[in-house]
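Structures are listed in the sections that come next.
Paired with chain B in one complex and with chain C in the other, chain A is shared by the two complexes that follow.
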Partner chain A sequence: MNLFLQVIAILAVVVGTLFSVVGVVGFIRLPDVYTRLHATGKVGVFGVVFLLVAAAFGEPLGWGRGLFLILLLVITGPATAHAIGSAANRIGLPRKGAERDDLVYTSKSKS
Partner chain B sequence: MYNLLLIVPLLLVYLELSSNFELSNVVVGLLIVSGILLLIRPRRRPMAWHRLPSAIVALIKYVVILAYDLIMSGIQVARIVLDPALPIQQGIVAIPSECESELGSALSAHAITLTPGELVIEMDEQGVMYTHCLDATKSEQYVAEAQKMRRDLLEKIFS
Partner chain C sequence: MKTLEIIFTDILYVSLLIHIVLMSVAFYRVWRGENVIDRLLGLDLLSTLTLAVLVLLSLINQRIIYLDIALGLAALGFVGMIALAKYVADEQMF
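Then we have the complex of A and B:
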(Lines of atoms letter the chains of each structure in order from A and count residues from 1; the text may use other names and numbers.)
(Lines give C-alpha, C1' and ligand atoms only; values in the text may rest on other atoms or scores of the structure.)
Protein backbone atom coordinates (compact mmCIF):
# COMPACT_ATOMS: atom_id res chain seq x y z
CA MET A 1 0.00 0.00 0.00
CA ASN A 2 2.79 2.37 0.95
CA LEU A 3 4.68 1.48 -2.21
CA PHE A 4 1.54 2.13 -4.24
CA LEU A 5 1.24 5.65 -2.78
CA GLN A 6 4.93 6.25 -3.46
CA VAL A 7 4.51 5.24 -7.12
CA ILE A 8 1.55 7.63 -7.52
CA ALA A 9 3.58 10.42 -5.89
CA ILE A 10 6.55 9.85 -8.21
CA LEU A 11 4.29 9.76 -11.29
CA ALA A 12 2.66 13.03 -10.19
CA VAL A 13 6.08 14.65 -9.72
CA VAL A 14 7.10 13.60 -13.24
CA VAL A 15 3.88 14.87 -14.82
CA GLY A 16 4.01 18.13 -12.86
CA THR A 17 7.60 18.82 -13.85
CA LEU A 18 6.77 18.04 -17.48
CA PHE A 19 3.90 20.53 -17.49
CA SER A 20 6.08 23.19 -15.84
CA VAL A 21 8.71 22.75 -18.57
CA VAL A 22 6.01 22.98 -21.24
CA GLY A 23 4.77 26.21 -19.64
CA VAL A 24 8.20 27.83 -19.85
CA VAL A 25 8.83 26.59 -23.40
CA GLY A 26 5.44 27.97 -24.44
CA PHE A 27 6.20 31.32 -22.84
CA ILE A 28 9.34 31.60 -24.99
CA ARG A 29 7.92 30.25 -28.26
CA LEU A 30 4.43 31.76 -28.51
CA PRO A 31 4.08 35.08 -30.34
CA ASP A 32 2.04 37.54 -28.23
CA VAL A 33 0.63 38.38 -24.79
CA TYR A 34 -2.61 36.44 -25.06
CA THR A 35 -1.12 33.15 -26.24
CA ARG A 36 1.67 33.44 -23.68
CA LEU A 37 -0.92 33.80 -20.95
CA HIS A 38 -2.33 30.44 -22.05
CA ALA A 39 1.08 28.84 -21.65
CA THR A 40 2.03 30.29 -18.27
CA GLY A 41 -1.32 30.72 -16.56
CA LYS A 42 -2.68 27.32 -17.49
CA VAL A 43 0.11 24.86 -17.95
CA GLY A 44 2.02 26.45 -15.09
CA VAL A 45 -0.90 26.01 -12.69
CA PHE A 46 -1.29 22.45 -13.98
CA GLY A 47 2.30 21.73 -13.03
CA VAL A 48 1.93 23.10 -9.51
CA VAL A 49 -1.32 21.19 -8.98
CA PHE A 50 0.36 17.91 -9.90
CA LEU A 51 3.30 18.65 -7.59
CA LEU A 52 0.81 19.30 -4.77
CA VAL A 53 -0.95 16.03 -5.58
CA ALA A 54 2.42 14.33 -5.21
CA ALA A 55 2.87 16.01 -1.82
CA ALA A 56 -0.61 14.92 -0.75
CA PHE A 57 0.11 11.28 -1.61
CA GLY A 58 3.72 11.19 -0.44
CA GLU A 59 3.14 12.77 2.97
CA PRO A 60 0.40 10.96 4.95
CA LEU A 61 -0.39 13.92 7.21
CA GLY A 62 -0.17 16.57 4.50
CA TRP A 63 -3.12 15.65 2.30
CA GLY A 64 -5.47 18.19 3.89
CA ARG A 65 -3.07 21.06 3.30
CA GLY A 66 -2.31 19.84 -0.23
CA LEU A 67 -5.98 19.73 -1.23
CA PHE A 68 -6.55 23.13 0.39
CA LEU A 69 -3.70 24.71 -1.60
CA ILE A 70 -4.99 23.10 -4.82
CA LEU A 71 -8.42 24.65 -4.16
CA LEU A 72 -6.90 28.11 -3.59
CA LEU A 73 -4.74 27.84 -6.73
CA VAL A 74 -7.66 26.71 -8.88
CA ILE A 75 -9.74 29.67 -7.68
CA THR A 76 -7.08 32.39 -8.01
CA GLY A 77 -5.18 31.23 -11.11
CA PRO A 78 -7.87 32.11 -13.69
CA ALA A 79 -8.49 35.48 -12.00
CA THR A 80 -4.90 36.60 -12.55
CA ALA A 81 -4.82 35.35 -16.15
CA HIS A 82 -8.09 37.17 -16.86
CA ALA A 83 -6.81 40.39 -15.25
CA ILE A 84 -3.66 40.49 -17.38
CA GLY A 85 -5.55 39.55 -20.57
CA SER A 86 -8.22 42.16 -19.98
CA ALA A 87 -5.63 44.86 -19.28
CA ALA A 88 -3.70 43.93 -22.44
CA ASN A 89 -6.90 44.19 -24.46
CA ARG A 90 -7.81 47.59 -22.99
CA ILE A 91 -4.51 49.19 -23.90
CA GLY A 92 -4.94 47.66 -27.35
CA LEU A 93 -2.10 45.17 -27.67
CA PRO A 94 -2.40 43.41 -31.06
CA ARG A 95 -3.23 39.75 -31.63
CA LYS A 96 -0.81 38.34 -34.17
CA GLY A 97 -2.50 36.47 -37.00
CA ALA A 98 -5.97 36.22 -35.49
CA GLU A 99 -8.26 33.81 -37.35
CA ARG A 100 -11.41 35.51 -36.11
CA ASP A 101 -12.12 38.44 -33.82
CA ASP A 102 -15.60 38.86 -32.38
CA LEU A 103 -14.41 41.62 -30.07
CA VAL A 104 -13.47 44.42 -32.46
CA TYR A 105 -13.35 47.37 -30.07
CA THR A 106 -14.40 47.74 -26.48
CA SER A 107 -15.66 51.10 -25.27
CA LYS A 108 -12.48 51.55 -23.26
CA SER A 109 -10.04 50.93 -26.10
CA LYS A 110 -11.84 53.39 -28.40
CA SER A 111 -11.51 56.42 -26.10
CA MET B 1 -24.67 34.17 18.10
CA TYR B 2 -24.56 32.42 14.74
CA ASN B 3 -20.94 33.52 14.38
CA LEU B 4 -20.09 31.97 17.75
CA LEU B 5 -21.58 28.67 16.56
CA LEU B 6 -19.44 28.84 13.40
CA ILE B 7 -16.23 29.00 15.45
CA VAL B 8 -16.45 25.28 16.32
CA PRO B 9 -16.46 23.78 12.77
CA LEU B 10 -13.85 26.27 11.53
CA LEU B 11 -11.59 25.46 14.48
CA LEU B 12 -11.96 21.74 13.76
CA VAL B 13 -10.97 22.32 10.12
CA TYR B 14 -7.94 24.34 11.24
CA LEU B 15 -6.80 21.63 13.68
CA GLU B 16 -7.27 18.95 11.03
CA LEU B 17 -5.25 20.92 8.48
CA SER B 18 -2.41 21.75 10.86
CA SER B 19 -2.51 18.23 12.45
CA ASN B 20 -1.16 19.58 15.73
CA PHE B 21 -3.37 19.31 18.80
CA GLU B 22 -1.24 21.11 21.41
CA LEU B 23 -2.89 23.75 23.57
CA SER B 24 -0.85 26.59 22.05
CA ASN B 25 -1.94 25.60 18.56
CA VAL B 26 -5.59 25.51 19.68
CA VAL B 27 -5.23 29.08 21.01
CA VAL B 28 -3.65 30.25 17.75
CA GLY B 29 -6.45 28.54 15.85
CA LEU B 30 -9.08 30.29 17.96
CA LEU B 31 -7.45 33.66 17.23
CA ILE B 32 -7.26 32.98 13.47
CA VAL B 33 -10.86 31.72 13.30
CA SER B 34 -12.26 34.70 15.21
CA GLY B 35 -10.24 37.04 12.97
CA ILE B 36 -11.73 35.41 9.87
CA LEU B 37 -15.27 35.63 11.26
CA LEU B 38 -14.76 39.31 12.20
CA LEU B 39 -13.54 40.07 8.66
CA ILE B 40 -16.21 38.14 6.75
CA ARG B 41 -19.24 38.34 9.10
CA PRO B 42 -21.32 35.60 7.44
CA ARG B 43 -25.10 35.82 7.72
CA ARG B 44 -27.48 32.94 8.18
CA ARG B 45 -29.11 32.04 4.91
CA PRO B 46 -32.21 29.90 4.48
CA MET B 47 -31.13 26.44 3.39
CA ALA B 48 -33.26 24.42 0.99
CA TRP B 49 -32.54 21.03 2.54
CA HIS B 50 -34.68 19.03 0.12
CA ARG B 51 -32.59 20.32 -2.81
CA LEU B 52 -29.31 19.31 -1.17
CA PRO B 53 -28.94 15.76 -2.65
CA SER B 54 -29.47 16.89 -6.25
CA ALA B 55 -27.13 19.83 -5.66
CA ILE B 56 -24.40 17.49 -4.40
CA VAL B 57 -24.88 15.13 -7.36
CA ALA B 58 -24.65 18.12 -9.73
CA LEU B 59 -21.52 19.37 -7.93
CA ILE B 60 -19.76 16.01 -8.27
CA LYS B 61 -20.76 15.79 -11.95
CA TYR B 62 -19.50 19.35 -12.50
CA VAL B 63 -16.13 18.65 -10.87
CA VAL B 64 -15.66 15.41 -12.86
CA ILE B 65 -16.54 17.09 -16.18
CA LEU B 66 -14.29 20.05 -15.34
CA ALA B 67 -11.38 17.76 -14.45
CA TYR B 68 -11.79 15.80 -17.69
CA ASP B 69 -11.90 19.05 -19.72
CA LEU B 70 -8.83 20.35 -17.91
CA ILE B 71 -6.73 17.26 -18.59
CA MET B 72 -7.79 16.93 -22.24
CA SER B 73 -7.15 20.58 -23.10
CA GLY B 74 -3.95 20.59 -21.03
CA ILE B 75 -2.59 17.82 -23.23
CA GLN B 76 -3.80 19.69 -26.33
CA VAL B 77 -2.05 22.93 -25.33
CA ALA B 78 1.13 21.01 -24.48
CA ARG B 79 1.03 19.41 -27.95
CA ILE B 80 0.56 22.79 -29.67
CA VAL B 81 3.46 24.29 -27.70
CA LEU B 82 5.85 21.41 -28.38
CA ASP B 83 4.95 21.08 -32.08
CA PRO B 84 7.85 22.40 -34.21
CA ALA B 85 5.41 24.12 -36.59
CA LEU B 86 3.54 25.88 -33.71
CA PRO B 87 0.02 25.41 -35.19
CA ILE B 88 -1.89 28.14 -33.35
CA GLN B 89 -5.04 29.59 -34.84
CA GLN B 90 -5.84 32.18 -32.23
CA GLY B 91 -8.90 34.36 -32.19
CA ILE B 92 -11.68 35.72 -30.06
CA VAL B 93 -14.99 33.87 -29.87
CA ALA B 94 -18.09 35.44 -28.31
CA ILE B 95 -19.86 32.96 -26.00
CA PRO B 96 -23.24 34.06 -24.55
CA SER B 97 -23.37 32.88 -20.94
CA GLU B 98 -27.22 32.94 -20.72
CA CYS B 99 -27.14 32.86 -16.93
CA GLU B 100 -29.71 34.85 -14.98
CA SER B 101 -27.57 35.41 -11.90
CA GLU B 102 -24.26 37.24 -11.79
CA LEU B 103 -22.79 34.38 -9.77
CA GLY B 104 -23.62 31.99 -12.62
CA SER B 105 -21.92 34.19 -15.22
CA ALA B 106 -18.88 34.63 -13.00
CA LEU B 107 -18.52 30.90 -12.38
CA SER B 108 -18.96 30.05 -16.09
CA ALA B 109 -16.24 32.57 -16.93
CA HIS B 110 -14.08 31.04 -14.22
CA ALA B 111 -14.55 27.52 -15.60
CA ILE B 112 -13.75 28.68 -19.15
CA THR B 113 -10.63 30.55 -18.05
CA LEU B 114 -9.49 27.55 -16.02
CA THR B 115 -9.51 25.41 -19.15
CA PRO B 116 -6.15 25.59 -20.95
CA GLY B 117 -6.41 27.23 -24.36
CA GLU B 118 -9.38 29.40 -23.44
CA LEU B 119 -9.27 32.75 -21.65
CA VAL B 120 -12.14 35.16 -21.03
CA ILE B 121 -10.76 38.64 -21.61
CA GLU B 122 -13.92 40.75 -21.55
CA MET B 123 -17.59 40.55 -20.61
CA ASP B 124 -20.43 42.91 -21.48
CA GLU B 125 -23.73 43.76 -19.79
CA GLN B 126 -25.64 41.01 -21.59
CA GLY B 127 -23.26 38.41 -20.18
CA VAL B 128 -21.48 37.68 -23.45
CA MET B 129 -18.02 36.33 -22.69
CA TYR B 130 -15.37 37.31 -25.23
CA THR B 131 -13.08 34.34 -25.05
CA HIS B 132 -9.58 34.19 -26.47
CA CYS B 133 -8.93 30.69 -27.85
CA LEU B 134 -5.68 29.12 -28.99
CA ASP B 135 -7.76 27.11 -31.45
CA ALA B 136 -10.53 29.42 -32.70
CA THR B 137 -11.74 27.02 -35.39
CA LYS B 138 -14.05 25.10 -33.05
CA SER B 139 -17.65 25.13 -34.28
CA GLU B 140 -20.26 27.43 -32.72
CA GLN B 141 -22.46 24.46 -31.92
CA TYR B 142 -19.81 22.69 -29.86
CA VAL B 143 -19.07 25.82 -27.84
CA ALA B 144 -22.77 26.55 -27.24
CA GLU B 145 -23.46 22.98 -26.10
CA ALA B 146 -20.57 23.02 -23.62
CA GLN B 147 -21.81 26.32 -22.19
CA LYS B 148 -25.41 25.04 -21.92
CA MET B 149 -24.32 21.97 -19.96
CA ARG B 150 -22.16 24.10 -17.65
CA ARG B 151 -25.03 26.52 -17.03
CA ASP B 152 -27.55 23.77 -16.23
CA LEU B 153 -25.22 22.14 -13.69
CA LEU B 154 -24.35 25.48 -12.06
CA GLU B 155 -28.03 26.38 -11.72
CA LYS B 156 -28.72 23.05 -10.04
CA ILE B 157 -25.86 23.61 -7.61
CA PHE B 158 -26.76 27.17 -6.58
CA SER B 159 -30.55 27.28 -6.85
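Then we have the complex of A and C:
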Protein backbone atom coordinates (compact mmCIF):
# COMPACT_ATOMS: atom_id res chain seq x y z
CA MET A 1 0.00 0.00 0.00
CA ASN A 2 2.77 2.38 0.91
CA LEU A 3 4.48 1.68 -2.43
CA PHE A 4 1.32 2.61 -4.31
CA LEU A 5 1.02 5.92 -2.44
CA GLN A 6 4.65 6.74 -3.14
CA VAL A 7 4.19 6.17 -6.88
CA ILE A 8 1.14 8.45 -6.94
CA ALA A 9 3.04 11.11 -4.99
CA ILE A 10 5.97 10.94 -7.42
CA LEU A 11 3.69 11.31 -10.44
CA ALA A 12 1.82 14.20 -8.83
CA VAL A 13 5.06 16.06 -8.06
CA VAL A 14 6.30 15.61 -11.62
CA VAL A 15 3.03 16.80 -13.15
CA GLY A 16 2.87 19.75 -10.73
CA THR A 17 6.37 20.83 -11.62
CA LEU A 18 5.63 20.57 -15.33
CA PHE A 19 2.59 22.79 -14.92
CA SER A 20 4.66 25.33 -13.02
CA VAL A 21 7.28 25.38 -15.76
CA VAL A 22 4.64 25.79 -18.45
CA GLY A 23 3.01 28.58 -16.46
CA VAL A 24 6.20 30.58 -15.97
CA VAL A 25 7.29 30.10 -19.59
CA GLY A 26 3.85 31.36 -20.58
CA PHE A 27 4.27 34.30 -18.23
CA ILE A 28 7.45 35.27 -20.08
CA ARG A 29 6.55 34.52 -23.66
CA LEU A 30 2.95 35.69 -24.03
CA PRO A 31 2.43 39.08 -25.72
CA ASP A 32 0.22 41.16 -23.44
CA VAL A 33 -1.02 41.32 -19.86
CA TYR A 34 -4.29 39.49 -20.33
CA THR A 35 -2.71 36.39 -21.82
CA ARG A 36 -0.07 36.46 -19.11
CA LEU A 37 -2.84 36.43 -16.57
CA HIS A 38 -4.00 33.22 -18.19
CA ALA A 39 -0.55 31.70 -17.81
CA THR A 40 -0.02 32.55 -14.16
CA GLY A 41 -3.41 31.05 -13.40
CA LYS A 42 -2.00 27.71 -14.50
CA VAL A 43 0.84 27.88 -12.01
CA GLY A 44 -1.38 28.84 -9.13
CA VAL A 45 -4.20 26.41 -9.70
CA PHE A 46 -2.69 23.36 -11.37
CA GLY A 47 0.95 23.45 -10.31
CA VAL A 48 0.46 23.83 -6.59
CA VAL A 49 -2.66 21.69 -6.47
CA PHE A 50 -0.84 18.70 -7.90
CA LEU A 51 1.97 19.26 -5.41
CA LEU A 52 -0.65 19.30 -2.68
CA VAL A 53 -2.07 16.04 -3.96
CA ALA A 54 1.43 14.64 -3.66
CA ALA A 55 1.68 16.12 -0.16
CA ALA A 56 -1.63 14.52 0.77
CA PHE A 57 -0.30 11.15 -0.40
CA GLY A 58 3.29 11.65 0.75
CA GLU A 59 2.39 12.52 4.34
CA PRO A 60 -0.47 10.40 5.69
CA LEU A 61 -1.32 12.87 8.46
CA GLY A 62 -1.39 16.03 6.36
CA TRP A 63 -4.21 15.17 3.96
CA GLY A 64 -6.78 17.35 5.77
CA ARG A 65 -4.66 20.48 5.50
CA GLY A 66 -3.79 19.63 1.92
CA LEU A 67 -7.41 19.36 0.85
CA PHE A 68 -8.30 22.60 2.59
CA LEU A 69 -5.37 24.34 0.90
CA ILE A 70 -6.51 22.96 -2.46
CA LEU A 71 -10.00 24.35 -1.81
CA LEU A 72 -8.53 27.72 -0.82
CA LEU A 73 -6.34 27.88 -3.94
CA VAL A 74 -9.14 26.93 -6.29
CA ILE A 75 -11.31 29.71 -4.85
CA THR A 76 -8.72 32.48 -4.59
CA GLY A 77 -6.97 31.84 -7.91
CA PRO A 78 -9.72 33.03 -10.24
CA ALA A 79 -10.69 35.87 -7.89
CA THR A 80 -7.15 37.25 -7.95
CA ALA A 81 -6.90 36.88 -11.71
CA HIS A 82 -10.21 38.70 -12.15
CA ALA A 83 -9.12 41.56 -9.89
CA ILE A 84 -5.86 42.02 -11.76
CA GLY A 85 -7.59 41.73 -15.12
CA SER A 86 -10.19 44.36 -14.30
CA ALA A 87 -7.45 46.62 -12.89
CA ALA A 88 -5.50 46.24 -16.14
CA ASN A 89 -8.60 47.04 -18.17
CA ARG A 90 -9.51 50.07 -16.10
CA ILE A 91 -6.12 51.71 -16.50
CA GLY A 92 -6.50 51.08 -20.20
CA LEU A 93 -3.87 48.53 -21.16
CA PRO A 94 -4.01 47.58 -24.88
CA ARG A 95 -4.88 44.12 -26.10
CA LYS A 96 -2.34 43.06 -28.71
CA GLY A 97 -3.67 41.33 -31.81
CA ALA A 98 -7.29 41.46 -30.72
CA GLU A 99 -9.58 40.68 -33.65
CA ARG A 100 -12.58 42.53 -32.26
CA ASP A 101 -12.30 44.49 -29.03
CA ASP A 102 -15.57 43.88 -27.18
CA LEU A 103 -14.51 45.80 -24.11
CA VAL A 104 -13.89 49.11 -25.88
CA TYR A 105 -17.56 50.08 -25.53
CA THR A 106 -18.11 48.98 -21.96
CA SER A 107 -14.90 50.16 -20.24
CA LYS A 108 -15.55 53.74 -19.00
CA SER A 109 -12.65 55.90 -20.13
CA LYS A 110 -10.59 57.75 -17.49
CA SER A 111 -12.00 61.25 -18.07
CA MET B 1 11.19 -0.14 -0.91
CA LYS B 2 14.42 1.66 -0.13
CA THR B 3 15.06 2.69 -3.74
CA LEU B 4 11.60 4.28 -4.05
CA GLU B 5 12.24 6.50 -1.03
CA ILE B 6 15.52 7.67 -2.58
CA ILE B 7 13.86 8.28 -5.94
CA PHE B 8 11.11 10.26 -4.21
CA THR B 9 13.52 12.52 -2.32
CA ASP B 10 15.64 13.02 -5.44
CA ILE B 11 12.59 14.04 -7.46
CA LEU B 12 11.60 16.41 -4.67
CA TYR B 13 15.01 18.06 -4.68
CA VAL B 14 14.96 18.40 -8.48
CA SER B 15 11.48 19.91 -8.30
CA LEU B 16 12.64 22.31 -5.58
CA LEU B 17 15.56 23.39 -7.77
CA ILE B 18 13.25 23.93 -10.74
CA HIS B 19 10.90 26.03 -8.62
CA ILE B 20 13.75 28.19 -7.35
CA VAL B 21 14.96 28.77 -10.91
CA LEU B 22 11.39 29.68 -11.90
CA MET B 23 11.22 32.11 -8.99
CA SER B 24 14.40 33.84 -10.13
CA VAL B 25 13.05 34.07 -13.66
CA ALA B 26 9.76 35.51 -12.40
CA PHE B 27 11.66 37.96 -10.20
CA TYR B 28 13.69 39.11 -13.21
CA ARG B 29 10.42 39.71 -15.02
CA VAL B 30 9.14 41.73 -12.07
CA TRP B 31 12.35 43.75 -12.11
CA ARG B 32 12.04 44.39 -15.85
CA GLY B 33 8.25 44.67 -16.04
CA GLU B 34 6.84 46.94 -18.76
CA ASN B 35 3.92 48.29 -16.73
CA VAL B 36 2.64 48.17 -13.20
CA ILE B 37 0.24 45.31 -13.89
CA ASP B 38 3.10 43.13 -15.13
CA ARG B 39 4.97 43.74 -11.92
CA LEU B 40 1.86 43.03 -9.89
CA LEU B 41 1.34 39.83 -11.84
CA GLY B 42 4.96 38.83 -11.30
CA LEU B 43 4.59 39.30 -7.57
CA ASP B 44 1.48 37.16 -7.62
CA LEU B 45 3.44 34.50 -9.49
CA LEU B 46 6.25 34.79 -6.95
CA SER B 47 3.89 34.21 -4.04
CA THR B 48 2.39 31.20 -5.78
CA LEU B 49 5.83 29.75 -6.45
CA THR B 50 6.77 30.35 -2.82
CA LEU B 51 3.67 28.38 -1.92
CA ALA B 52 4.86 25.54 -4.13
CA VAL B 53 8.31 25.65 -2.51
CA LEU B 54 6.69 25.46 0.92
CA VAL B 55 4.66 22.41 -0.05
CA LEU B 56 7.80 20.79 -1.43
CA LEU B 57 9.62 21.51 1.83
CA SER B 58 6.79 19.90 3.74
CA LEU B 59 7.29 16.81 1.61
CA ILE B 60 11.07 16.77 1.91
CA ASN B 61 11.21 17.25 5.68
CA GLN B 62 8.08 15.18 6.27
CA ARG B 63 6.71 17.87 8.60
CA ILE B 64 3.15 19.12 8.34
CA ILE B 65 3.91 22.54 9.82
CA TYR B 66 4.95 23.78 6.39
CA LEU B 67 1.42 23.22 5.09
CA ASP B 68 0.13 25.58 7.78
CA ILE B 69 2.62 28.21 6.69
CA ALA B 70 1.50 27.69 3.09
CA LEU B 71 -2.09 28.14 4.24
CA GLY B 72 -1.25 31.46 5.86
CA LEU B 73 0.69 32.61 2.82
CA ALA B 74 -2.16 31.69 0.46
CA ALA B 75 -4.78 33.53 2.51
CA LEU B 76 -2.73 36.68 3.13
CA GLY B 77 -1.33 36.74 -0.39
CA PHE B 78 -4.84 36.67 -1.76
CA VAL B 79 -6.03 39.60 0.38
CA GLY B 80 -2.92 41.62 -0.41
CA MET B 81 -3.24 40.98 -4.12
CA ILE B 82 -6.88 42.07 -4.19
CA ALA B 83 -6.03 45.26 -2.28
CA LEU B 84 -3.12 46.05 -4.61
CA ALA B 85 -5.23 45.43 -7.72
CA LYS B 86 -7.93 47.73 -6.39
CA TYR B 87 -5.33 50.36 -5.52
CA VAL B 88 -3.84 50.20 -9.01
CA ALA B 89 -7.26 50.42 -10.63
CA ASP B 90 -8.71 53.33 -8.62
CA GLU B 91 -5.58 55.13 -7.31
CA GLN B 92 -7.17 55.13 -3.84
CA MET B 93 -7.54 52.23 -1.47
CA PHE B 94 -11.02 52.68 0.04
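Note that in this section the second predicted complex is superposed on the first by the 106 of 111 C-alpha atoms of A that agree within 3 Å, B and C clash if a C-alpha of one lies under 4 Å from a C-alpha of the other, contacts with A are read in each partner's own complex, and residues count from 1 in each chain.
Methods note: contacts are C-beta pairs under 8 Å (C-beta built on N, C-alpha and C of every residue); 3 or more make two chains touch, one makes a residue touch a chain.
Computed from a predicted model, the values in this text were never measured in an experiment.
> Given the alignment on chain A, is it a clash or a fit between chain B and chain C?
Partners fit side by side after overlay.
> In the overlay, answer first, second, both or neither for which of chain B and chain C A:F46 touches.
So A:F46 only meets chain B here.
> According to the stated criteria, A:I10 is in contact with first (chain B), second (chain C), both, or neither; which is it?
Only chain C is touched by A:I10; chain B is not.
> When the two structures are overlaid on chain A, which partner does A:S86 contact: first (chain B), second (chain C), both, or neither?
It touches chain B and chain C both.
> Between chain B (first) and chain C (second), which does A:L37 come into contact with in this model arrangement: first, second, both, or neither?
A:L37: touches chain B and chain C.
> Touching A:L71 in the superposition: chain B (first), chain C (second), both, neither?
A:L71: touches no partner chain.
> Examine A:A54 and indicate which partner it touches, taking first as chain B and second as chain C; both and neither are also allowed.
second
> Chain B to chain C: minimum CA distance in the overlay, Å?
Least C-alpha distance: 9 Å.
> Of the residues on chain A, which ones does chain B touch that chain C also touches?
37, 43, 61, 65, 68, 79, 86, 88
> For the complex, give me every residue of chain A touching chain B.
18-19, 22, 25-26, 29-31, 34-35, 37-39, 41-43, 46, 61, 64-65, 68, 74-75, 77-79, 81-82, 85-86, 88-89, 95-103, 106
> Note which residues of chain B are touching chain A in the complex, please.
The touching residues are 16-17, 19, 70, 74, 77-78, 81-82, 86, 88-94, 109-110, 113-117, 119-122, 130, 132, 134, 136-137.
> What part of chain C is in contact with chain A in the complex they form?
Spelled out, the residues of chain C in touch with chain A are 1, 4-5, 7-8, 11-12, 14-15, 18-19, 22, 25-26, 29, 35-38, 40-42, 44-45, 48-49, 51-52, 55-56, 58-59, 62, 64, 67-68, 70-71, 74-75, 78, 81-82, 85-86, 88-90.
> State the interface residues of chain A toward chain C in the complex, per the touch definition above.
Counting only chain A, the residues touching chain C are 2-3, 6-7, 9-10, 13-14, 16-17, 20-21, 23-24, 27-28, 33, 36-37, 40, 43-44, 47-48, 51-52, 54-55, 58-59, 61-62, 65-66, 68-69, 72-73, 76, 79-80, 83-84, 86-88, 90-91, 93.
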